[in-house]
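Take a look at this one; I'll ask things after.
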Amino acid sequence: MKNIRVRFFAIFRENAGVETYQHQTRSETTMELFKEMTGIFPGLSIETAALVAINDTMAGWEQQLSDGDEVLFFPPVAGG
Amino acid sequence: MKNIRVRFFAIFRENAGVETYQHQTRSETTMELFKEMTGIFPGLSIETAALVAINDTMAGWEQQLSDGDEVLFFPPVAGG
Amino acid sequence: MIFTITDTKIDRDGLRASLLNPASGACVMFEGWIRNHNDGQEVLRLEYEVYRPLASSEGKRILREAMGNFDIQDAGCIHREGLLELSETAVMAAAVAVHRDEAFNACKYIIDEVKHRLPIWKKEHYVNGDAHWVNCQRCANHAGTSKALPGAAADG
Amino acid sequence: MIFTITDTKIDRDGLRASLLNPASGACVMFEGWIRNHNDGQEVLRLEYEVYRPLASSEGKRILREAMGNFDIQDAGCIHREGLLELSETAVMAAAVAVHRDEAFNACKYIIDEVKHRLPIWKKEHYVNGDAHWVNCQRCANHAGTSKALPGAAADG
């Protein structure tokens, strides 16, 4: 089991109803973790072009999680 | 014979040594007139991408001259 | 090379002054303005949420990429966060070069990447009282080539 | 749509303000600066000669073409004449649109055409005391398609 801190942004935060969430998980990848989150937070759903970061570095959806990671879930960005 | 007023700009003016020149000509086109000018002003020579205007309207090098026209000879432009 | 996130008015003259130098002949600047309509809705104001640590590091990375990919001499970008009113400048990007083509291409590259890659989100507040997070449909195609969620629908 | 020739400092804020409107989301601005080198020569200052009547009418025509060719909402351009020092702005062109691609394309079109078509000439004054009329070799190709002197050599 890995100890992961999850952070949601923008519409993900509004849909989850929380900004941060401390979680014990068997998920291996960021994608598995996100799917787990949609089970815990029913308002949350997969969005086109969502991005993910681990410990303030952009990551991929197959990236492996490590104990103690902070995982940031970004809905599709819309800067400018 | 047509009465034409010729104006030279920038390096054409410097090479001709005059800014304006009143001229009686049998030249039919702006091109013929320019060639005539190179005979009158030896410093003047044909330049890449020179432009010509008649009576403050951009013209072509085959354009016909009319009595009383003011013909403007522009060396290659270099705005900006 | 300046990349800044700010919650106050973008200092346009300051960014330009930071790029001005006697070896450059061309300066191209882009400004994104808050406009009063989007997708048929009347917009009242916009709210920008920015995750600063990553927006800042990724923004600087984009400027370095622009310096590497184009023959430019300097580049800069400033992005607003917080609540913005109509006609305010939300983002400014700029590039300077000896010749203009490279400055145009670099400036366009910077703003395109900033819009696609920075962790920034905007919520539109409409005249009718609704509000809505903008999900930039076009991002789908672009992000799809790198780190976007697989299986997601692309721009229709 | 503003096109101006001026012998004093270009009013950058004034041009931008004339284009600012709540329906536009993108503003692209180009500035041409006097740079300290050209073709291996150290430049001290530049002198712009402008034939105002035609520069003005042709400049306005270019802006109208930009409005017709691109999906923009407004455009403007200011060009200096007379003696200019290093780092001064010789020309500014700008276009505003709903979306940025059209603003970029229109701004680029305006400055390209201004440089090729307006009766404006510049004389470079060098650090070594020489002076030289710039004959913009690139113009040859462009102008060759329209009204340039036939038979003239193209850009090597």
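Couple of notes before you dig in:
A, B, C and D label the chains in the order they appear, each numbered from 1.
Definition applied: contacts are C-beta pairs under 8 Å (C-beta built on N, C-alpha and C of every residue); 3 or more make two chains touch, one makes a residue touch a chain.
Not measured: the values here are computed from a predicted model.
Between chain A and chain C, the least number of touching-chain steps is 1.
Seen from the Cα centre of chain C, the chain whose own Cα centre is farthest off is B. Separation between the centroids of chain C and chain D, computed from CA atoms only, is 26 Å.
In whole angstrom, the spacing between the mean C-alpha positions of chain A and chain D is 50.
Shared contact sites, meaning residues of chain C that touch two or more other chains, fall at 32, 111. The set of chain A residues touching two or more other chains is empty. Contacts between chains, counted with the stated touch criterion, involve the pairs A-C, B-D, C-D.
Here chain D touches chain C in the complex through residues 20-37, 86-87, 96, 98, 100, 103-104, 107-108, 111, going by the rule given at the top.
Across the complex, chain B meets chain D through its residues 9-11, 14, 31, 34, 46-53, 56-61, 72, 74-80. Residues 32, 48-49, 51, 53-55, 57-58, 79, 90-91, 111, 114-123, 133-137, 139-140, 143-144, 147-154 of chain D touch chain B in their complex.
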